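Chains: A, B, C, D, E, F and G, in written order; residue numbering restarts at 1 for each.
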Amino acid sequence: MSAAAAAKAAVQAVSRRLIPMFDRVVVEKAEAVTRTKGGIVIPEKAQGKVLQGTIVAVGPGGRNERGDTIPLSVAVGDNVLLPEYGGTKIELDDAELFIYREHDILAKLNK
Amino acid sequence: MSAAAAAKAAVQAVSRRLIPMFDRVVVEKAEAVTRTKGGIVIPEKAQGKVLQGTIVAVGPGGRNERGDTIPLSVAVGDNVLLPEYGGTKIELDDAELFIYREHDILAKLNK
Amino acid sequence: MSAAAAAKAAVQAVSRRLIPMFDRVVVEKAEAVTRTKGGIVIPEKAQGKVLQGTIVAVGPGGRNERGDTIPLSVAVGDNVLLPEYGGTKIELDDAELFIYREHDILAKLNK
Amino acid sequence: MSAAAAAKAAVQAVSRRLIPMFDRVVVEKAEAVTRTKGGIVIPEKAQGKVLQGTIVAVGPGGRNERGDTIPLSVAVGDNVLLPEYGGTKIELDDAELFIYREHDILAKLNK
Amino acid sequence: MSAAAAAKAAVQAVSRRLIPMFDRVVVEKAEAVTRTKGGIVIPEKAQGKVLQGTIVAVGPGGRNERGDTIPLSVAVGDNVLLPEYGGTKIELDDAELFIYREHDILAKLNK
Amino acid sequence: MSAAAAAKAAVQAVSRRLIPMFDRVVVEKAEAVTRTKGGIVIPEKAQGKVLQGTIVAVGPGGRNERGDTIPLSVAVGDNVLLPEYGGTKIELDDAELFIYREHDILAKLNK
Amino acid sequence: MSAAAAAKAAVQAVSRRLIPMFDRVVVEKAEAVTRTKGGIVIPEKAQGKVLQGTIVAVGPGGRNERGDTIPLSVAVGDNVLLPEYGGTKIELDDAELFIYREHDILAKLNK
């Protein structure tokens, strides 16, 4: 199995075991984009501060002031834009994932 | 295709793929105004701190304390005034856009 | 047209195009008062820290916790007292205006 | 007209024109008490940090979370105790007044 | 009249004139306890940081989020424990009193 | 009467006189545990940062946003775990007690 | 009894006596993972900042704005992911445990 496939499998295995709490979601970050579509190399410093990632696990949702759960508006498989800062890194069984709160996610990005 | 047209097309392509979360909106900033209507050159330092931009994508709206979604009061195509600070820069497929929260937008500006 | 009249016209033109967001209002600041009614010159440092201005455009109103809009208690044409700090300066088509939140305005001042 | 009378008239004229916003009130501060009732001179540093004043104009009241206006519990003519800090100074047509929020006022002081 | 009696009378006179605002109360502080019950002198530094006092005037009560007044749970005459910090000192007509918010009072202390 | 008994009596006497305000409770702290159950001496620095204590007086409870009182979930006699910091020390009639807010208490500890 | 078994017994004994307050839970932290599944030693600095632990005692739940108790969404026996910081250490009868608030827990981790 290639390294990429092995990494993919590790992420899937861990994601299946994770139930994020409340309005948290688990994201697998995409590789940083280092070339423009035209092929021009983007210097490290100029690489987009906004990161992309895919949601691999979602919590039940946050609570309103009365304690009722508010369902999330993102789902497993969604491609999302993430802020430069924030997110908690998890390293489990060779998988590197990040936990975000729903309200920190900037946008969904359709293919 | 001219550079401007290419830039325009890149923005449109990315905007169609973006679904901002909650009360966020995506804005394409207008070029900084460097001359008065009378043609006088405005020195860099004195250029208006308030920026203009056009909304290219909108989220569903923020949530009130009970979790209900409150529709936005701006729409795609609106010309808006933006504060000097704030906004998250997104660089995607040669398009440079900015994400703002609705409540950071100062005003709508009719043509 | 005199400079004052031109400035007046520029403000009116821009004000008609502006729709402030939520509980924001647009104010044209009055000239700083540099003499007492008795004609005594007020040194710069001692000039009243509170400024006067006239409201030239108003938003729909802020939102309460449920998301309902609460109408503003000031209107276009009101003469108001403004705090020394706060307010966002807008420079548009030779007009210099300021955006305030309704709750930052200290008082209305009848003629 | 004596200086005191003129000052009194200036305050009354300005107060009639002022409509404080929300839960703000306008206060005319009393002269600092520099002698005890027994006639002993109070050194500057020891003068009571709490100030007295008379309310000369009142706003409609603050808003609760739903946006309803809550009437004030002070009225024009009330003699009040003010904290050492806070309050915005207004200098208008030779009158020196101060704007406070209702909740900053410490107590009413009957004659 | 003895100094103590005069001080007592001054406090009573001022207290009758004071109507604290909202959830504020006026307290006359007790003398600091400098000896244990067994007569041992307590060094200044070790004297109890918590102070005692008697309530001499009470406000109507604070407001809840809707603006309704919530009656106080202390009354004139109650002996209370006060935190080391907080409280605003008032010096009026030879009386030295302190204004506290109800929620700063630690406890009532029965005789 | 032994010193311990005298201290006990002093605490009981003071506790009976104390009515903590709102959601406050009065706690008598237990002696710091300096030996493990196995008898090993615990160095000062390593002694558990969490303290134990017994509740000797309770307030009526805190208030919710409408001003209703919410009864406490601890009672006189409960053995509790206390955080390292927080709590106000009271020294009254040779009794040394501490006032905590209910929400600062970590847990109840059954015998 | 082995040291591990003794430690286990100590934890169980203390857990049975603990009733965390409100939305707090008691966690027994797992040993830090120092090798990858492939057996590679993970240097101290690179060890996952996120910790694992097992819940050994739970409170009744937190309160909403009206004071109603909201049941917890974790239970005794759940394996959880914990943030690097936060948590209060308790050392009781040779057991080392940690108290967390429910909302600090990142996720549940199924076996």
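Methods note: a residue touches a chain if its C-beta (ideal position, glycine included) is under 8 Å from a C-beta of that chain, and two chains touch if they have at least 3 such contacts.
Computed from a prediction, not measured in an experiment: that's the story for all the values here.
The fewest steps needed to get from subunit E to subunit F, moving only between touching chains, is 1. Chains that count as touching both subunit B and subunit D, per the definition above, are C. Homomeric contact subunit D/subunit E: same residue numbering on both sides for under half of the interface positions. Distance from the subunit A centre to the subunit G centre is 25 Å, each centre being the mean of its Cα atoms. Note on chain placement: the centre of subunit A and the centre of subunit E lie 56 Å apart, centres being C-alpha means.
Once the centre of each chain is set as its mean CA position, subunit E and subunit G turn out to be 45 Å apart. Shared contact sites, meaning residues of subunit B that touch two or more other chains, fall at 65-66. Of all the residues in subunit C, the ones that touch subunit B in their complex are 16-22, 24, 26, 57, 59-60, 63, 65-67, 88-94, 99. Residues 36-38, 48-50, 64-66, 68, 70, 73-74, 81, 83, 102-103, 105-111 of subunit C are the ones touching subunit D in the complex.
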